[in-house]
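Common to both upcoming complexes is chain A, partnered first by chain B, then by chain C.
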Partner chain A sequence: MKPVVKDVNILGLANTIKDWLHARTGARFGLLTSIDGKQLVTLVLDPKASAAECWISEVSDNTYKTLTTLIPQSHWFERSIYDLFGIVPDQHPRLKHILLHDEYEPTFHPLNWQEMGKVGDKTDNRKKTPILSETLSQEKFVSTGAKREYKFLQVRGEGIYELPVGPIHAGVIEPGHFRFNCFGETILNLEIRLGYTHRGVEKRLTEIHWRKASFVAEAASTDTACANALAHAIAIESLFDLEIPAVAQALRTVALEIERLAMHIIDVGGLCGDIGFSAGAAAAGCLRGKALRMGQMLTGSRFMRGFILPGGVRKFAHQHIASMQKNMQDLRKELDELFELLAENQAARERAEKIGVISKSLAEEFGVVGVTARACGISYDCRQHFPHGLYPKIAPPIALQKGGDILARTRVRIAEIRRSTDVIESVLQSITGSEHIIKLSNDLPANQTGLAVVEAFRGELIHLLFTDGKGAIKRYAIKDPSFNNWTAISIAIRNNLIADFPLCNKSLALSYSGNDL
Partner chain B sequence: MAIFEWISFVAVVFILPPLVLGVLCKTKARLQNRIGASIFQPYFDLYKLFSKGETVSEVTSWIFRNAAAINFAVVIVVALLVPWLTFKPAFVGADLILVIYMFALTRFFTVLAALDAGSAFSGFGASREVTMAMLVEPAVIFCFASLACVARTSDLSVIFSCDNFSLSHNNALWLMAGLGLFLSSLVELSRMPVDDPTTHLELTMVHEAMILENSGPNLALVLFTHYLKMCILWGIAAQCFLRSISYFWTVGPLIQGALSLGALFCMGVIVAIIEGTLVKLRWTKLPQFIAFAVAMGLFCVLIAVMRG
Partner chain C sequence: MLKILSYIFRNGIATVANPCPPLEEDADGMPALTENSCSGTGCNECATACPTDAIEVSNEDGVGRVSLDLGACIGCQLCIDICPTGTIVRNRSTRLAKKQRDDLILTNHESVLANSLKRSYEADVKNKIRNIFGRSLHVRVVSTGCSACDLEIGACGNPVFDLERFGVHIVASPRFADVLLVTGPVGKGMRDSLLRCYAAMPEPKIVVAAGSCSITGGVHKNGYAEANGVDKILPVSVYIPGCPPHPWSIIHGILLGMGKVQS
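Coming up: the complex of A and B.
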C-alpha cells in the first residue's frame, strides 16, 4: 500500500488531523514520527477506503506545540520523538523520557541525522556515530537539566504507599517497571516505565541492506515475528509495482493465522495460570505447542522465522499440507474441549467479570487496538480493510464484545482462535501452484514512501519507510500494537485490586520489546 | 515401648512433612497430564537450600535472622504436643488454647520478619496474612471448643485419646469439626483457593510474599516449618475425619496408626485435587470462603450444645 504523501503546515497540525478524522467514519490516527529530526511525519488511516495519508510537516527550532492536548493518542509518540530526535513538544502535559534511560547523554538523539550528511549511504553508515547535537541549543533539548532524570508521578495522602515492581520480574518475561500508588489493596495510579529493551531496531533497519532487513524486522518483537516479517515485506513491495504470486499470499495468510492461533491460545492459558486454574493452563500450553508445530511443518521454524520475505515466501514443501490439515482437525477438537472447560467454570468467570474495565470512549481517545479495542466494542480489524496476504478478501467477521473487561477480552480471543482455525483450514484447501516468490530488483526506487498495515495478533502493526535519492532506506518506522495499548493498562487497573493486576496485565498481553524497539 | 514410640515419632516429624508435599505435587502433576517431579523432590530442594549461601539485606535486624529458627522451634513443640498421628509420645497435656496460640506465635514472628525486611511485597503480604488469620480464628476455636465441651476437658490429648469413649458416637460432630479444621487449614497454610502456592506473581501472593527476602538455609528452615505445620493441621483434621467413622474406634492401635498415616497422605491428595480443579478466589471473595469454615465451626457448637 502506498500512502498519499502531502506537506502540511505544522501550525494547527492537531486541528488538521482532528478535522480529517472527523470527516471520515472510522478514520484513525496511525502514527507520529519524524524522518531525520527536521520534520514531523503524521500517518492517518482511513480503513473504510483502505487508504492512508502521510503528512510531512517541517519543524523549526526543534519545537512545536504539542498535539497531545487535542489528540491524547499521540502522548507516547511525542515522548518517543523527544527521545529519538530531540524535537520538543511544547506544553506536553507529561513530557518524560520513554525509551532512553538515565545513562545516556542528555543530548543523545540516535535518530537525529541533521548533521550527518546523507543518510542511508550503506558504505559509511556503520562508521557513523549518532550526533550529539552540540551545535544545537542545549536548553531546548533538555528540559530537566544537564542529566537525564525520570520522575514518577507522586500520589500523597495518609495511608497511601508506593509499590515498585520490576524491571526484573519473577517469571520468564521481558523487563518493565511498574510503579503503583496504592491505598490499602486498591490501586490509585499506575505508571509504567519501559525502554529496558531498546535496541535501536529502527535505526539498524536503515543501516543494513534491505535484503537482509527482514531478519531484523521480525526480531522487533519475536512472538510477532510473522506479522513483522509480513509488514516488512509489504512495505518493501509497495515501493515496486508488482503482483505477489497467489500461493505466496495464501501461505502468508496461513502463517499469520498460525501465529495468531498459537499466541492467543497461550494468552488464554496464561489467564488460566494466573487465576490458579492449572488444568486449563496445562492444556493450553500443550495446545500452543501443537499450533507451533504447524508453524514448523509450514516453515521449518516453530516461530516461523525467515519464512516471509519481500517478494513472496521461502520455499515450501506441498506434501506437508495434508499433515497440517490433520493436525488442524485434532487441534480444533481439543480446543473445543478446553473452551468448554473454561465456559463451565463459574469461578473463573467471576475472576474476570467487571474487572479491568476500559471504557469505549477512553479506548477511542487513546487509539487502543486489537483484542483490547474489540472487547470495548470498537469494530476495527485491519484484516477487514488493509491488503495483506489474502485479506481483505477472505477476512473473517470481527469478534466483538461490549464489556471492556477481562472476560470480554478473553471471549474475543477465544472467538478469534475459532475464526483463525476456520481461515487456516479453508486456505490450506485452496493452495495450488508452486510459484512462491518473485525476484525483486536489488535497488529500491528513490524518494518513495512504503507502508504496510497488518493485523498482528496484538492488533494493528504499522511499518512505514522512506527511501532517499539513491534508493536506500533513510527512515524505517515501526508502530507495534503494544505502543497504543500500554496506556490502556494504566486505565484498566485504576481503582482495581492489587491482586488483580497480573490477571489484567495478562488479558492485555502486551509486548515490551515491540514497544521499546 | 515408650522409647520406640519416641524414636519413631521424632523420625516421622523430620521425614514425613516433605513427603506429604511430594505426594501432593506429584498428584497435581498427574492431574494435569504431566509426569511431575519425584515425590522426594522436596527433600532435594531442602538439601539444595541448606547447602546454599544466604543473602541478608543490610537493613534487617536480629528478628529477620532468627524468626525462622524461632518458628521452627515453636512448631516442633506443637508437633510433639498435638495428636496429629495416633502414636503420640507421652508428653505434658496439650491445652487447645495453647496450641492455637502457639501457631499464632509463629505467625507473629513471620509477620515481624516480613516487616523487618522492609520490601513492599512483604508489607502487603503481612497485611493480608493478618487479615485472613483474624477471620479464620473463630472457625478453629469453635471446632476445638465444641469437642472440648463434649469431652469436658480442654486437653487435646484427652479429647483425641481413643480410650475416651464419651466422644465415640459423635460421628456428626467429628465430621463437622474435621471439615471446619480442614477448610481453615487451607487458609492458614495459604493453599488454594485462598492463595496459589505455585504462583510467581508477587502481587497476588499472601504467604509467599512475606518470605520473598529469605534465602538459603533460612528459607529452607521457613519451608520445612511450613511443611511441618501443614502435616500437623491436616493431621488433626484427618484425625477428626477418622473418628467420625465408627470402625476406627474398634481396631487396635497399630491399625489406627496405619490409618492415620494413610489419612494424612489422603489429605495431601485431596488438596491436590482441590488445587487442580479450583480457581483462586478474588481477594474480596475470601471472607465468603472463610465463612464456610466458620459455619462448620458453628455446626459443631450447635451439636455440642444439643448434646449438653
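Coming up: the complex of A and C.
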C-alpha cells in the first residue's frame, strides 16, 4: 500500500489530526514517529476507503507542543520519540522514558541521525552490512539535557501500599515491570514500565540489506513472525509496481491464519490454566502443537520463519496440501470438544464475567486494537479493509462482543479460531498453480514511502518505511498492536482485585518484545 | 466433571516415549556441513546470503573452506538452498546442544574437525556438578528476548514432550533453582535484572543459553543495545542453538546439562 505523503504544519497538528479523523467514519490514528529527528511523521488511516495519509511536519529546536492532551492515544508514541530521537513533546502530561533505561547515556538517541553517525562508528562492526544512509549530517548533536531516570506515579493515603512485580515474572514469559498501587486487595492504579527487551530492531532494519531484513522484522516478536514478515514484504513490494502470484497470496493467507490459530489456542489454554482447568490447558498445549505442525508442513518451521519473503513465499510443495487438510479436519473436531467443555465450565464463567472491563469509549480514546477492541464492540479488523494476502476479498465476518470483559475477549478469540479454520480450509481447497515467488530488483526506488497494515493475531500491525536518495532504507518503523493495547490493561484492572490480574493479563495477550523492539 | 474425565480418557496418552527424535520429513531444521569442499575456491554465495553473518568462507591452498556458527544461525535455510556443492545440507537432528561454545562452529575443514574432537570436554568440577544434578533439577527461566523461545520452553511442559518426567521442574523463584535458563540476547535493559537473578540462586548453579539470541545476539548482535548473548556476562554451561530451538532441542540441552545424555 502506498500512502499519500503530505507536508503538514506542526502548529495545530493535533487539531488537524482531530479534524481529519472526524471527517471520516471509522478513521484511525495509525502512528506517530520521526524519520531522523528533524520532523514528526503522522500516519492516519481511513479503513473504509482502504486509504492512508502520511504527514511530515518539520520540528524546530527539537521540541513541539504535545498532542497527548488532545489525542490521548499518542501518549506512548511521544514518549518513544523522546527516547529514540530526543524530540521533546512540550507539556506532555507524563513524559517519561519508555524504551531506553538508565543504562543508556541521557543524551543517547539512537535514531537521531546526528547521533546515528556516532553510534555507527562506535559499535556497528557487522562485517558485510554497511550503514546504508545518506551522508550523515555534521551538525552538533543537541542534547535534551534531561537525566535518564524513571519515577513511578505515587498514590498516597492511609492503607495504600505499593506492590512491584517484575521485570522477571513468575511464569515463562517476557520481562516487564508492573507497579501496583493497592488498597486492601483492590488495585487503584497500575503503571507499566517496559523497554527491558529493547534490542534496537528498527535501527538494525536500516543497517542491513533489505533482502535480509525480513528475518530481523520477524524477530521483532517471533510469535508474530508471519504477520511481521508479511507486513515487511508488503511494505517493500509497495515501492514497486508488481503483481504477486496468486499462489503466494493464498499461502500467505494460510500462514497468517495458522499463526492466529496457534496463538489464540495457546491464549485460551493459558486462561484454562489460570482458572485451574488443567485438562483444558494440557489439551490446548497439544492442539497448538497440531496447528504448529500444519505450519511446519507448509513452511518447514513451526513458527513459519523465513517463509514469507518480498515477492512471494519461499517454497511451495503441493503434496503437503492433502495432509494439511486432513490435519485441519481433526484439529477442528478436537477444538470443538475443548470449547464445549470450556463453555460448560462454571468456574471459567465466574472468573471471567464482568472482570477486567474496558469500556468502548476508553478503548476508542486510546486506540485499542485487535481482540480487545472487538470485545468492547469496536468493529475494526484490518482484514476487512487493507490488502494483505487474499484480504480484503475473502475477509471473514468480524467477531464482535459487547461486554469488554475477560469473558467477551475469550468469546471473540474462540469465534476467531473457528473462522480461521474456515479460511484455512477454503483457501487450501482453492489453490491452483505453482508459481510462488517473483524476483524483485536488488535496488529499491529512491525517496519513496512504503506501508503495510496487517491484522496480526494481536491486532493492527503497521510497518512504515522511507527510502533515501540512493534507495536505501533510511527509516523503518514498526507499530506492534501491543503498543496501543498496553494502556488497556491499566484501564481494565483498575478497581479489580489483585488476584484477578494474571487472568486479566492473559486475556489481553500482550507482547513485550513487539512493544520494546 | 464426568465429561472432563471422559474427555481425558478418550484422548489417551499423548506423550512421545523416546525423547529427542529427529524432526519430521517436512521440517527444515538447522544446517550442517559435509566434508565436500567448495567448488574451486569457494563461491561465497552462502556467506553473502546469511542474514546473521554466521558463515565465513576462506580459501586455503586453492580449496574453499566454510565455517558456520550454529550459535548465530537462525535456521533460515538460505545457505542450504543456495549452496551448489552440497557442502551445506539440512540437519533434522534435535540433539544440537553443546557444552563448549566452539563446538557450535561447524567446518568442512578436516584438520579443524579433528582438533575440536580432540579437545577434552569436562573439567573435574563440572563432573561433580553433573553428579549432584543427575536426578532432579529446578529451572528458573529468564526471558530477555522475543517470546518464541519462551513459548517453546512452555511447550516442553505439555503432554507431548512432558519435561517433568525427567525430573526437571520449571520454578517461579531463583531461590531454589539449580539452572538459570536464559532466552533472548540480554540487551542493556535486562543485564542488571539477570545478574541479580543469578546472584539470588544458591550454589551450585549452572547457566543454560537457549536460542541463537542468547548465544551470540542472533539477528540483534553488535547493535547499540549491546545485545550479544548471555555468555558475555555469565558463565554458560550449555548452549542450545535455534531460533527458536525445537522443544526437543531444549529438552536435550537440559538433559545434557544434567549429564543424562551425551552431545
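Here is the rule we use: the second predicted complex is superposed on the first by the 483 of 517 C-alpha atoms of A that agree within 3 Å, B and C clash if a C-alpha of one lies under 4 Å from a C-alpha of the other, contacts with A are read in each partner's own complex, and residues count from 1 in each chain.
Convention: contacts are C-beta pairs under 8 Å (C-beta built on N, C-alpha and C of every residue); 3 or more make two chains touch, one makes a residue touch a chain.
Not measured: the values here are computed from a predicted model.
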item	value
Touched partner set for A:A170, first chain B, second chain C, both or neither	both
Touched partner set for A:A220, first chain B, second chain C, both or neither	second
Touching partner for A:E103 - first (chain B), second (chain C), both, neither	second
Partner chain(s) touched by A:R351 [first = chain B, second = chain C, both, neither]	first
Touched partner set for A:D274, first chain B, second chain C, both or neither	first
Contacts of A:A282 with chain B and chain C, given as first, second, both or neither	both
First, second, both or neither for A:R305, with chain B first and chain C second	second
Dominant toucher of chain A (residue count), chain B or chain C	C
Which superposed partner A:L242 touches (first chain B, second chain C, both, neither)	neither
Doubly contacted residues of chain A, that is, touched by chain B and again by chain C	170-171, 279, 282-283, 286
Complex interface listing, chain B residues touching chain A	28, 31-34, 120-121, 123-124, 192-193, 196, 198-204, 275-285
Residue ranges of chain C touching chain A (in the complex, touch as defined)	3-4, 7-8, 11, 14, 24, 26-28, 47-53, 74-78, 141-155, 157-160, 170, 172-173, 184-185, 187-193, 197, 213, 218-227, 243-244, 246
Residue ranges of chain A in contact with chain B within the complex	161-165, 170-171, 182, 185, 274-279, 282-283, 286, 345, 347-348, 350-351, 355, 497-502
Residue ranges of chain A touching chain C (in the complex, touch as defined)	100-101, 103-104, 108, 110, 119, 123-129, 167-168, 170-175, 195-201, 203-204, 207-208, 212-213, 215-216, 219-223, 225, 266, 279, 282-283, 285-286, 288-289, 293, 296-297, 299-303, 305-306, 314, 320, 337, 341, 344, 511-514, 516
